[in-house]
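Letters A, B, C and D mark the chains as written, and numbering starts fresh at 1 in each.
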Amino acid sequence: MSPATTDHGGKGAMTATDIQIAICGSAGDGTIAAGNILRNALATAGYRVISFDVYPPEIRGFGKCISRLRITTEQAYSLKEKSDCLISLDDSHTIPHVGEVRDFGAVIFEAKPVAQVPEGGHITAHVRPGQIPYGFSIREISEQATSSNRSRNVVALAIMAGLFGLDKGPFRQTIDSTFGKKNKKVAEVNLDAFETGYAVGAATFKLDSVKFGPPGKSVRQGKVTILSGNAATVRGLLDAGIDCYFGYPITPATSIMERLAVEMPKRGKRLLQTEDEISAIAATVGAGYAGARAATATSGPGLALMMEMLGLGTIAEVPAVVLVSQRGGPSTGMPTKTEQSDLNAAVYGSHGDSPRIVIAPTNVEGCYRCAGKAFEMAEAYQTPVIVLLDLYLSNRYETVVLANEAPFNPDCNKRWRRTERDEVYRRFAASDDQISARAIPGDEGGMHVVTGLEHNELGRPNDTPEIHTAMSVKRHDKLKAALRHPDFTICKRFGDDGPIDVGLLGWGSTFGECLEAMFMARAEGIRCAAMKVVMLSPFPADPVAEFMDDCKAVLVPELNFQGQFARLVQAELARPVVPLAKVSCGPMRVEDIVEEIRRLAAQVHQPLAAE
Amino acid sequence: MLGDPSGRRADSVQARASDASAEPYWSDDPRDVGWVKENVPCQTACPASTNIPAYIRAIYEERYGKAYEINREANVLPGVLGRICSRPCEPACRHGWSGNGESVSICHLKRSAGDLKGTGHRITENLYAPTGKRVAIIGAGPAGVAAAHDLSLLGHDVVIYEREEVPGGMLRYGIPEFRLPRDLLTLELHNALRLGVTLKTGVSIGNGRGETRLFSLLDDYDAVLLATGCMLPSLLPLRDAAKGADPVKGLKDVEYGLDFLVDLHRGESKRVGRRVAVVGAGFTALDCARVSRRLGAEEVTIHIRTTEEYIPVTYDEIFEAKRENVKIKGLRTPVSVKLDDNGRLIGVEFVQNRLGGWRAGGRRQAIPIEGSEFIEPCDTLIVAIGQITENDFLDVKVEMARDGNIRIAGNGMTSVPKLFAAGDYVKGASTVIEAIGHGREIANEVDAWLIGQKRRRQRVRVTPVEAPERERAWDFVARQHMPTLPLGERMKQMGEEVEQGLTRDLAAEESKRCYLCSLRYEIDVDRCIYCRACIEVAPRNCIKLVEDVEVKHDGSYGALKETKDWNQVAAIWIDNNECIRCGACFMVCPVKCISISRCEIVTADV
Amino acid sequence: MTIQPKPVYLDEKLDEVRQSGRLDYRSKALPTWCPGCGYFAMVESLTAVLNRMQLPHKDTVIVSGIGCASRFPFFISTYGIHTLHGRALPVATGIKMANDRLHVIVVGGDGDGFAIGGGHVPHAARRNVDITYLLFDNGVYGLTKGQTSPTSVLGFRTSTSPYENPDRPLNPLLMVLSHGASWVGQAYAGKPDHLTEMIAAAVAHRGFSYLNILSPCVTFDKTERTYSNLGLQVADLPANHDSTNVAMAMAAAMRTDHPLLGLYYKEDRPTLNENLDSLAAKAGAGTPAAGKKPVRAA
Amino acid sequence: MPDTTPAATAPHYVIIGVGVSGSQAAAELRDHDRTARITIITASRLPFYQRYDLPRVFNGVHDWRTFMVHQPGYYSDNRITLRRDTRVGGIDAKNRLLHLTHKETVHYDKLLVASGGRPYVPEHLVDYRRLMFGWGSFEDAMAVRQALPDGGHALLLGGDMIGLDLARTLIATGHRVTLVAGEHSFWPHQVPATERPKYLAALQALGLELLEEGDLGGIVAVEQSVAGLPARRVVFGDGSDLHGDVVMPFFGLAPQVEFMAGAGPDIERGLLVQRSLRTTDEHIYAAGNVCQIWSEKDRRYKFYNGWKNVRLMGSVAAANMTGGSDEFRSNPDAEALRLDDQGRIQSPFWEYQ
C-alpha cells in the first residue's frame, strides 16, 4: 500500500498531511506526557489530530504506554493501521510495536542505553529493513541540556520535530503551558531540552519518507480545539449546565471526574467523590429527583453496580445521566483495553422491563454533543440516559470544532404548574406523549412520593395488572419521542447513495474505522455505504431498516465477542446481518473491515455472475 | 371501708377504685354525665340508678357486704329487689347486646350480695343533722319506705301512716312468699325505718270514721307525702260491659288477682277450681297462676292478648311458671264469661287476635279477628290485668292528670301546697324498683323544698384505675343459672322459696361476666402514636380512627365520625359503646397512652 | 397514681389536633405497618416535629430505602422518594447537594442501614451531609418476614438462623460515632415524647444527625426486643454525660445491656455543602453562594 | 526476544558491514546454510544500496530508495537480520562476542568483517575535514547535492576513481569541477608517471579544470565563504587560492578496522587474510575494502578494490565460512586503468552497473 499520505476519505489532496506518530515507553517515562505535548503542539499548529493512548493499569513500574497520534489536514475518522514514526522511550516495550511502522517510516530510539541490554534486546535488532532507524543519545542530550534525564521524552519529541522540520513555536508554547502550570523552572528546563533535541534532529539527515504538509485552513465558525473524548464529554456536561456530579474513580472514566473536579467548583457547582458506584448513581438519581442536572461516569464494573438504581430511575421516572466508558470485560477484565462489550448491559441491563435511553457517540465531537444532549433527554423524557463511550473514545484526542454558543437547551423539563383545578398532583398522570408533568421538591403544592414500587398515577404503590400494564406502556412509549429529539442525530448514512453491495452498520468508537474502511472499499470500486447509529435505545428501527433495504449485505463491525450490536439489530428488525466481532484489546483494524467488505462484495456478486 | 373482710380475690386485683388514695374528680359536665348514661346502661336503666358495675365488682372481690351497701345506696331493700325486681337493667346490659351473649344476672348477683354477706355485716347509714322538720308519709309500700328512709337520713322526723297492720304494701300483700320470704322483707323494712321513722300501722287515712284526715296531717306536718300506690284492680273490659262497670262483679269463681293475693297474704284461706284461667300478662297474673298451682289447681292457663315475648315480666318468671305446669296461651282477648245455669263459671269466651303494630313501651298491638270467638273452659277465672290508684281517701281537692293519676310538679308537689306524691300513686302501676326510685327522688325534692335548697344531686365521679379489672377470657363465661327448688318441693308449702340464691362460686363466676361498663378507656391523643395495635387486638369494632365526634344538644356525645384518610385521623378513639372493657388495648399499647378511669353517677352532696 | 386534673374531652382534643396543623403533614394513605410497630411512633413524632418547626411541605423530602421503613414517605405529605435497599443515604446526599433549601430526612431500618447499606453510613457521617438519619433499630428483618439482621442479638432464632444467630450484633452508635457523625442520639419508640424531642433536635442540627431508635418488631420478635423487655432495659443517659466528649459518648454507646437514651454527641462543624461551597470560593466561583442556588427548582 | 546464547544447532553468522561484500556474503551464506542465523551489523541507517550510483543524485535522483539493491522484504524473506545504526565497539575473539556501542553483546559463530573503507584524508587536511564534503554515503551525496548550486563549482582534492566518477556526472550536469591532482589521483590504479599526462589530458577532455598538487604542495587554509563568493576557498602555499562551493577530498579509502584493535587478528593497514579470506582467527573472516589479501605473486598483503573484487570476496568468504575452500583470485585485467579508442578513461572500478 502506498505509505506516505493515505488519502483519508478521498477528500484530501495528495499534499495533505496524514501522519501518525507513536510514542512508546514504560510507565513513568513520560510517554503519555510526550504524546500530550505533541498533540497539543500540533493542534496549536493548526493540524487536525486524533490521538489515543494505551497505558497499563499500574501507575508506575514496567507497564507499557503507547501514545498514538494521527495528524491530518482535514479531520480523520480513526487512527491508521500503520504509524509513520515511532519514538521509543523504552525498547523492551517498543520492540513489539516496531512492526506497526510503515516502510520508510522513522524509528527514533536511544542509542546509548544506560545499562547492558541482552543480545537482541536493543531496538536495532528489530527495526525492519524498510524502516529508518534513528538512534540518538537521548539521555545524554537530556543530561547535557537539563542536567537530568527526566527530559528524555521532550528531547525525543524535539529530535522528531527537528528531524521533520516542524515549527518550533507551537512546541515551545505547549511545553511552556504544560510545565509552566506546575513550575516556571520546569518549563524552562524542558524548553532547553527541546531546543537541544530539536537542533540534533534538525542536523540529522532525514532518510525516511515522512512529510509534513502545511496545516489545514482554520474552520469557518466555532472554536477549534483538541480534546479527548472524556474532555469533550466534560465540556458537553458543563455547557449543558451540569449542576451536580458524583463519581467513583474507574478507568477509563476517571478523567471525566478529574476534569469536572477542576471546572465545576469554579462555576459554583458541586462534585462529590462517592464511596462507590452505587452511591454515585444513587446520588445522581437523588439530585435528579431534586431537579438538578446530575451525572455520573463509570465503566463496565461500575455500570453493573448501578443497574439496580437505573431501574429505580426508570420506574420512578427520574432523570439521570450515566456516562459509561467501556473497557474489556467481563469482571475487572482489562481496565486499560478498549472494548464495546457493555452494550447489552446498557440497553438491556437492570432487572425487570427497564427501558432507558442509550446513546453512543462515534467520535470526540459526538462525546460533546451526546453528553449535553443526554441532559436534555433525561429531563425531557424523565428517565436515565446512558452515554456509551469506550476507552478508545474516552482517551483519544481529536481536534474538534465547537460552536461558539452551547448548543444545548438549559431546561427541557415538562414542569407541573399548579392550577386551580388541581386538587391532587398526579405525578404519573396519563398524557398524550406519556410524559407526565413533573414537580420538583421546592415546588409549592407538588408534593408527591416516587417509588421503586409499581405505582398508580399518584405514585402510590399499586400492583394490579391494569396499572402495571399501563405504566409499562407509559415507560416504554414515552421514550419513542427521543427518536425525534430536536437537533440530535440518531443515525446517519455516509457514502454511496442508492443500492449498494455492502453496508456498514457501525456504532460507537468503531464507526471511525468503519468510515475509513468504507472509503478504502470505495476506492477499490466496491459500492459501499456506512450508517452510524448513535441512538441504541430506543432503537431507530425505521431509518436503519431503510438503509438496510439498500444493502445487499450488512456488516456490523464492533469490539466485542458476542456481536452485541449485531444481535440488537437483528432482534429489533429481524433481518440478518454479518457481525464482525473482534476482541483485539485495541481499536478495530481498518484492514480487517475492508477485508470483510471485499469478501462480502465478492459474495453478493457471485450469484449475479452465475446467472 | 366496710367491715366485710376482703376476700382472696381482692388481693389479686391490682387496684380497687374506691381505695385509691387520691381524690376523685367530680364532674357535672354533660359529656361525662352523658358518657355514664350511655355507657353504663344497667345503671341508666335502673329507676333507682343502682351502681351495678360497682357492686358486681365488689362481689367479684368477695366483698359482699360492700356490694350490699352499694345497692342499698340506691334502694334500701336490696334483698327484696334481688328477688322480685323486674330487672329493667338486664335487657339493657351490654353483655346482652347483639354479639356479646347473654346479659349478666344482675338481679341474682344483687341477691347474692345479701345472701353471702358476712354474719357480722353492719349496714351503713350516713346521717345528716336533724332539721326539725316533720314529714308524714302515707303508705308503707316500697315508695313510702324508700322516701321515709331517705328523709330520715336527711335529718327530718318522719312518720309513716299505714292502713295495713304491717308495712310493705304490695311487697307484702301482692307478692307470694315463694318469691319473697317474709322474714327477709321484714328485716329489710326494719332496717330501712329503724333510724328514727315512726311507723303507724293500721291507720287509715280518709274521711270515714276512725280515719285520719289528710288535711289535719297537712296542718301537723311540714310536708305530707302520698305513697299509697295502686291498690284497686283494673276492671275486666268485656265486650258487652258498660263503661266503668265491673262485668264480673258478684260472679262466683271469678276474682281479681290483686284481691286474690291480698286476701291470701292477709291470711285468708283461698280456694280455686281444678281448671284456672288467668287473664293478664304481668307479675300479678303469673303470681296468681303459680299460687293457683300451689292451691291445687291442675290446669292453670294464662291467657294473654299478645304473645309471651311481649309480656312485661322476666324470663325467669315465665320459665319457672312453665316448669310449674302453668300454660300460657297467647293472642286472645276475653269477650265474655260463660256461666252454666247455676251461675257457675264454665268457661271464658275469647276472641282470637293477630299481632298489630308496636305500641309505646315496646309492646305489640293485638287486633281481634272478627268472628274468631271461642270458649276456653275453666272453673276459676282470675283477672289480673292491672291496678289503679285509689283516691277516695283524699279530703283535699287535688288536681288529677288525664290518666287518672295525681298530677305533680317537677318537685313532686301536688297542686296542694306541702302535699307531695310518689311511687305508683303518681305513675300508675309499675314495678317495685320504679316505686323505690321514685320514692327516693321525691324524697330528695321534699328535702330540697323543706330546706330551701338542693342538698344532694347526682354527679359523675371519676376515679383513675391502674389496670383493667377484667380478663378477656371472662367474656366467655356463660350466664350462671339460679338454683331453684325442685318442683316437688315447691308445691308442699306455699312459702317455700323457689329460687335458692347463687352460691359463692356461682356468684363469683357470674360476677366475672360484668363488663364493668363504668370503666372508661381513653387514649391520650397527645401520646398516641397511632400504631393501631389496640385496634388489632380489639375484640369488636370498638377502637376507631376518628375524624370528629357528634355533640348532641344536651352537650353529650353522639356518634364518632370515622375516617380512613390518614390526614383526617385526628384521634384513635375507643368507642366506649362498643367497648367491652376487656383491657386488651390497654395491655398492648406500646406507649401506654391508654388510661382507665371509673366513671360513676353517684349521689353526692351539692 | 396521678390523677388527671380534668378529663380530656374528645371534641376539644380533636379541635386542638386539627388546629395544630399536625395532620397536614400526614398523607391520605393509612400507614401499613403491623399494628404496634414503632414506626408509628416515628411517623407521629416526625410529623409533630415538622409541624412544630413549621418546615414547609414543599421544602421537605423524606427518603427511604427498602424495609419496613420504606413506605414511610407515603404517609407524610411532603416530597418523598422511596429508593432501593440500602441506598437512601446516597440518594439523600444527592438531593441535599442539589438543593440546600431542602430539608432531607432519611428513614431506614438496621438491615437497610447497616447490612446492605452499611457502606454508605461512614461516608455520609464523615462528610457531614446536612441530613437527618432516623434509624429504626429492631434487630430483625421485618418486611421479608423475620430474618436475622446486623443488630439481631446473639442466639436470636429467626427463619434464617433457626438454631440461633451466631453473629455478634454490631453497635450502630459506636459505628457512627467513630465515623464522625456530628450528632448522635438514641431514643426508644416506646417513649414517644422523648422520641419527639430527639427527632426535633436531630432535625434542627446542622450536619449529619443520626438518631438510633430502638424498637421491637412486634410481629417477628416475640422474645428478645419486645416492648416489655426494652421497656425494662432502656435508661436515660446519666445526667453528667458530656455530649461534646466523643470518648464519653463511645463509652455510653458500649452500654448495650442497658441502652441509654438521649443525646450522645454533638459537634458543630461545616457541612458537606458548606465545604463544597468554600472550596468553590477558593476555586474562584463568583460567590460562595452560587452553589446554594436551588438548581432549577422554581 | 532473540536468544542470548548461541543456538545449539544453527550457527550465527555475523557480518559487519552492509556494503557490496557484506551483502554478497549474506546472500551466499543463506544459499550455503538454510538454517543459520545471519546478522548484518552496520552503522549505516540504510540497507544495502548501490553506493557506486550515488553521483546520480545530480541527475535528479534524490530518493535513496532508488539506490536500494533489495526491496525491504528481501531481508525477512531470507531471514537476514539487518541491524543498522549499530556500531561495533570491540570484539572478544576468544569468546566470540561482539560488543556493540549501545551496550549490547552479540555472539557469533563466524564473523565476517566487511566494514569497508572510509575516504582517506591526508594528515595535512584532517584539520579541515569539517569544511569538506565527504562522499561515502547517500547522506554525504545528498549533502553535496544541497551545498552545490546548479552550475556551482566543486573543488576535488586528490582525485581517486570515485571522485573522478563523480566529476564526470558533475560536469555532465553543468557544474564546474576543478581537480587538484596529486599522488592519489586515479587511486586505486597505479598510474606510471609516464602515462599520467595522458590520463590527465583525458580528464581535461572530460571538462575538468586541472591543477597539479605538486604545484601547490602547501595548502594552508580552507576558509568559510565571504559575502558574494562561493562557500569554500582553498588557499595554496603560494598564496594563490581557489574559490568553490564545495571542497571534496578524494584520496582513496582507508580500511575501517578500529574496532578490531586488540581483538586478535593481524592487522597491517587492513585485516590480513589468506586467500580463503580467513584472518588469523579461525572464526573471523574479512572481505572488501577492509582486508588485505596475501598475494603470492607480490609476496605481500594487497588491497583489492573495485565492485567486482569486493563482491567476489563476499562470495568466497561466505563459502569458506560455511566450510568451503574457495580462494580469492583477482582478475588482473580488472585492475587495469586504460584509455579507450576515443581516448576516454576506462576503469574496472567504474564498471558497476
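Convention: a contact is a pair of C-beta atoms (placed from the backbone, for glycine too) under 8 Å apart; a residue touches a chain by one contact, two chains touch by 3 or more.
This one's a predicted model, so the numbers in the text were calculated from it and none came from an experiment.
Undergrad: Sort out for me whether A-D or A-C is joined by the greater number of C-beta contact pairs.
TA: A-C
Undergrad: Which chain, with its centre taken as the mean C-alpha position, is closest to the global C-alpha centre?
TA: That would be C.
Undergrad: With chain centres defined as C-alpha means, what is the inter-centre distance between subunit A and subunit C in Å?
TA: 44
Undergrad: Using the average of all C-alpha atoms in each chain as its centre, how far is it in Å between subunit A and subunit B?
TA: 99
Undergrad: Indicate the whole-number Å distance between the mean C-alpha point of subunit C and the mean C-alpha point of subunit D.
TA: Between these chains, centre-to-centre, one finds 92 Å.
Undergrad: Could you state the distance in Å from the CA-based centre of subunit A to that of subunit D?
TA: The answer is 54 Å.
Undergrad: Make each chain a node and each touching pair an edge, then name the shape: line, ring, star, complete, other.
TA: Looks like a simple chain-to-chain line, open at both ends.
Undergrad: Just spell out which pairs of chains touch, all of them.
TA: Once each pair is checked, the touching ones are A-C, A-D, B-C.
Undergrad: Okay, in this complex, where on subunit A does subunit C touch?
TA: On the subunit A side, the touching residues are 243-244, 246, 262, 264-272, 274-276, 278-280, 282-294, 308-309, 312, 316, 411, 413, 415, 440-453, 460-461.
Undergrad: Would you pull the subunit A residues touching subunit D in the complex into a rising list?
TA: 95, 103-104, 110-113, 115-122, 124-125, 127-135, 205, 207, 209
Undergrad: Along subunit D, where are the residues that touch subunit A in the complex?
TA: Touch list, subunit D to subunit A: 1-4, 45-47, 63-65, 70, 72-76, 81-86, 100-107, 138-139, 142-143.
Undergrad: Could you list, by residue number, the parts of subunit B that touch subunit C in their complex?
TA: Residue positions touching the partner: 20-25, 27, 29, 31-32, 462, 464, 466, 522, 524-525, 527-537, 545-549, 551, 557, 564-571, 573, 588, 590-593, 595, 597.
Undergrad: Once bound in the complex, which stretches of subunit C touch subunit B?
TA: Contacts found on subunit C: 1-11, 13-14, 17-18, 23-24, 26-31, 33-41, 43-45, 75, 77, 189-193, 216, 218, 227.
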